[in-house]
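Presented below are the structures under discussion, each in the form of structure tokens.
After this come two complexes, each holding chain A, first together with chain B and then together with chain C.
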Partner chain A sequence: MSPVILILAVISVILAITMLFAKNPITSALCLLGVLLMTAGIYGLIGEHLIATIQLVVYAGAIMVLFIFSIMLLNLTTESEDHKKEPLLYVSAIALGGGVLTFIILALNEHFLKHPMDYSFGKFSPEVIAQLGGNSKVLSHALFSQFYVSFEVISLALLIAIVGAVVLAKRKFD
Partner chain B sequence: MTNDVLVQTLAAVLFTIGILVVLLRRDTIMVLMGIELLLNSANLSLVAFSKSAAMIEGQLQVFFVITIAAAESAIGLSILINLYRNFGSIKTQNASTLKG
Partner chain C sequence: MEYFDFIQLMAKILLVVGVSLGVVPVMVWFERRGAAWMQGRVGPNRVGPFGLLQPLADVVKFIMKEDFVPKNANKFYYYLAPLIALIAPLCALSVIPFGSKAIVNGQEVVLQIAQMDSGVIFILAFAGLEVYPIILAGWASNNKYSVLGALRGSSQIVSYEISMGLALLSMLIVYGTFNPHEMVAWQSENYWGALINPFGALVFLISIFAETNRLPFDLPEGESEIVAGYHLEYGAMKFALFFMAEYVAMIMASALISTLFFGGYSLLPGMGTLVSMISSQFGFGEVGVTNVTAVFQFISLCSKVGFFMFLFVWIRWTLPRFRFDQLMDLGWKILFPLSLINLVVVTVMVYFLNQ
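So, the complex of A and B:
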């Protein structure tokens, strides 16, 4: 276990909990930005350099800038909310979250501890990837040869999203 | 405890916190941020599993998920601006005109 990954994991959990309880939306947005940066660091440390770069550029760059821009455009300040008014919602949310966490931990326990097997059945082991020219080269090659239809469809989806966002933001609804 | 277990546990914890953010916060923008946290933790899990299985399909899937997340946040934030323009607030309980 790498200690650097452990440190990044602890920081990102602390930032996520701060995001959950922060009153100011800009605090929450900056905490989410921190979580995304820590995730990019973890991607880089386990050797996924292309995904780490995309995470930094698209997620931490573009999406979070959009969020912070919206918060500042709408001039959102501290929200005056109190969870105590609806204890049923509070209790059911905690129960659902705890249930999901328990389920995932049980599944991970089943996967890693009860049936520990050699599940590295793919052909892209680290040695093969290094021989083929690195993580970014392998992923890009697969993206433009094996998955080129998905790539084109995703670019079309992005175009539709651009047009849809402009139409939605400019139109005056009655 | 290997790196795989650590990263998967982190993804599970972040997913739970994302669910709590989506369910407990009242601002629409916080709900959108919770959805981003959920997508991010699912990406983390996919990348770690795909890495340990020596495959690259998971990383490519994460590439597509990040692109769709960018599109989703652009649409969601423009809906949010419309919500603010029509209701004067982005609290989720104010947008209740569809209620019978």
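So, the complex of A and C:
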């Protein structure tokens, strides 16, 4: 593992913590953007350029722009601290979150103790992929031949979601 | 071996960054002289021959000016925005090949900074990141006009990215690869992409004008209604960074459209005979021929980029600015459906040609 990956990982953890505790919504959104960029960097450094690029295009280039755009449009200033007025609710929310987190950690721990991760490559080892003409080629080929039905169904589902969103928004404005 | 790799990588990065930043002052001079020429004026002609030293004087002025920060600005983001503005297009330039290969010290050097199999999509990713400096600058300077400029800029870039992506997609179907080297090779064997898919080239050209915020789409800056838009509150070197970023983005866009549609670094007609003439004149071996070819390929790409930079200036001083609703109509109601239709047409064409 290259030391640069470690640096990126540390930066992304710091950004993630900042995102959680920042008062300013723009800071939170930008920290999330930073985490996504660092993750893309890590993907790139381990040689998965396609995943890194898609991370940049989809998350950093599209979704986060939408987030920041709407934060700016809604003109959210600092986070209101209403939750401090009701200590019982605040404490129970933290307790519930902590409980769920502990449960997830325990479950994952048990799973990985029983079934240790298999780090060896399957059919598509890096050599085979390089021989077939790179990651993007192999992935596109799989998407448009073997999995084309699921691919088309997913894109239909997204189309339905878009149409639904437009219908809902239009009713509100009319 | 590793030492050589490091040196060649650094040399390539220095070349690309140096050329793209070094062209900026020349372009600023050309923009002003070109504007004057097209409008029948004289333009800057006092500093140096033909006013060529004018950009130098501008730089001195930018450095000497007061580094002013508005009182209610969010300092961190205010300083961050111009940096991202310059970094994003420079990163995107790393995927553009500026020659096939050179042979240095018996080893092959691919003339492209980052060789990755996602190639062109990577450029699109960084083109998408160009929204952030505009949003950040507008929001952080805490000024109504800046926020208006930022909103205009971000919605414009997001809208035109779609038709740009669709035009790119139609070319990806033609070439069948993400790799810019293979695209250039395909074009030098067959025809330029613009001849095969002229409508895609036109849509792409219009979209990069909108993406780089140049006239007739410079609504985010729109001096007459929102003063200077998102960089209204920026002065001195911070403004100069935005200014440089605009030109670097133009270079990036020109290099991208040359690579995708106009043959990239493939030799212009006549250059092939020039290469063989020079090689036979000096008695070069195989290594020499490869290196001379690489030089001419670089010149070829540079002349294409130069033409598109000229086009940017030419159109800026020819067409008036659009109104914002006209801009959005053009993007969503005209370019978007037409590029979708074009995509279908190209797909059908490629299907029948490959039979």
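As a convention for this text, the second predicted complex is superposed on the first by the 133 of 174 C-alpha atoms of A that agree within 3 Å, B and C clash if a C-alpha of one lies under 4 Å from a C-alpha of the other, contacts with A are read in each partner's own complex, and residues count from 1 in each chain.
By definition in this document, a residue touches a chain if its C-beta (ideal position, glycine included) is under 8 Å from a C-beta of that chain, and two chains touch if they have at least 3 such contacts.
Computed from a predicted model, the values in this text were never measured in an experiment.
Which partner does A:137 reach: the first (chain B), the second (chain C), both, or neither?
Touch partner of A:137: chain C, not chain B.
Applying the document's definition of touch, where does A:50 land relative to chain B and chain C: first, second, both, or neither?
Both: A:50 reaches chain B and chain C.
Can A:73 be said to touch chain B (first), chain C (second), both, or neither?
After superposition on chain A, A:73 lies in contact with both partners, chain B and chain C.
According to the contact criterion defined above, which of chain B and chain C contacts more residues of chain A?
Between chain B and chain C, B touches the greater number of residues in chain A.
Does chain B (first) or chain C (second) touch A:164, or do both, or does neither?
In the superposed model, A:164 contacts chain B only, not chain C.
Contacts for A:63 in the overlay, against chain B (first) and chain C (second): which applies, first, second, both or neither?
first
Touching A:17, do we find chain B (first), chain C (second), both, or neither?
So A:17 only meets chain B here.
Could you tell me if A:26 is touching chain B, chain C, both of them or neither one (first, second, both, neither)?
Only chain C; A:26 stays clear of chain B.
Find the residues of chain A that appear in the contact set with chain B and again in the contact set with chain C.
Common interface on chain A, chain B vs chain C: 50, 54, 62, 73.
Enumerate the contact residues on chain A facing chain C in the complex.
Listed in rising order, the residues of chain A that touch chain C are 26, 30, 33, 44, 49-50, 52-54, 56-57, 60-62, 65, 68-69, 72-73, 134-137.
Help me check something: in the complex, which residues belonging to chain A touch chain B?
Result: residues 1-2, 5-6, 9, 12-13, 16-17, 19-20, 25, 28-29, 32, 35-36, 39, 42-43, 46-48, 50-51, 54-55, 58-59, 62-63, 66-67, 70-71, 73-74, 76, 79, 81, 83, 89-90, 92-94, 96-98, 100-101, 104-105, 108, 112, 119-126, 128, 138-139, 142-143, 147, 150, 154, 157-158, 160-162, 164-166, 168-169, 171-173 of chain A touch chain B.
Which residues of chain B touch chain A once you look at their complex with the stated criterion?
Chain B reaches chain A through residues 1-10, 12-21, 23-27, 29-30, 32-33, 36-37, 40, 43-44, 47-48, 51-56, 59-60, 62-64, 66-75, 77-82, 84-86, 90-91.
What residues of chain C sit close enough to touch chain A in their complex?
Going by the criterion above, the answer is residues 74, 77, 116-118, 121-122, 124-129, 131-132, 135-136, 138-139, 147, 150-151, 154-155, 158, 161, 177-179.
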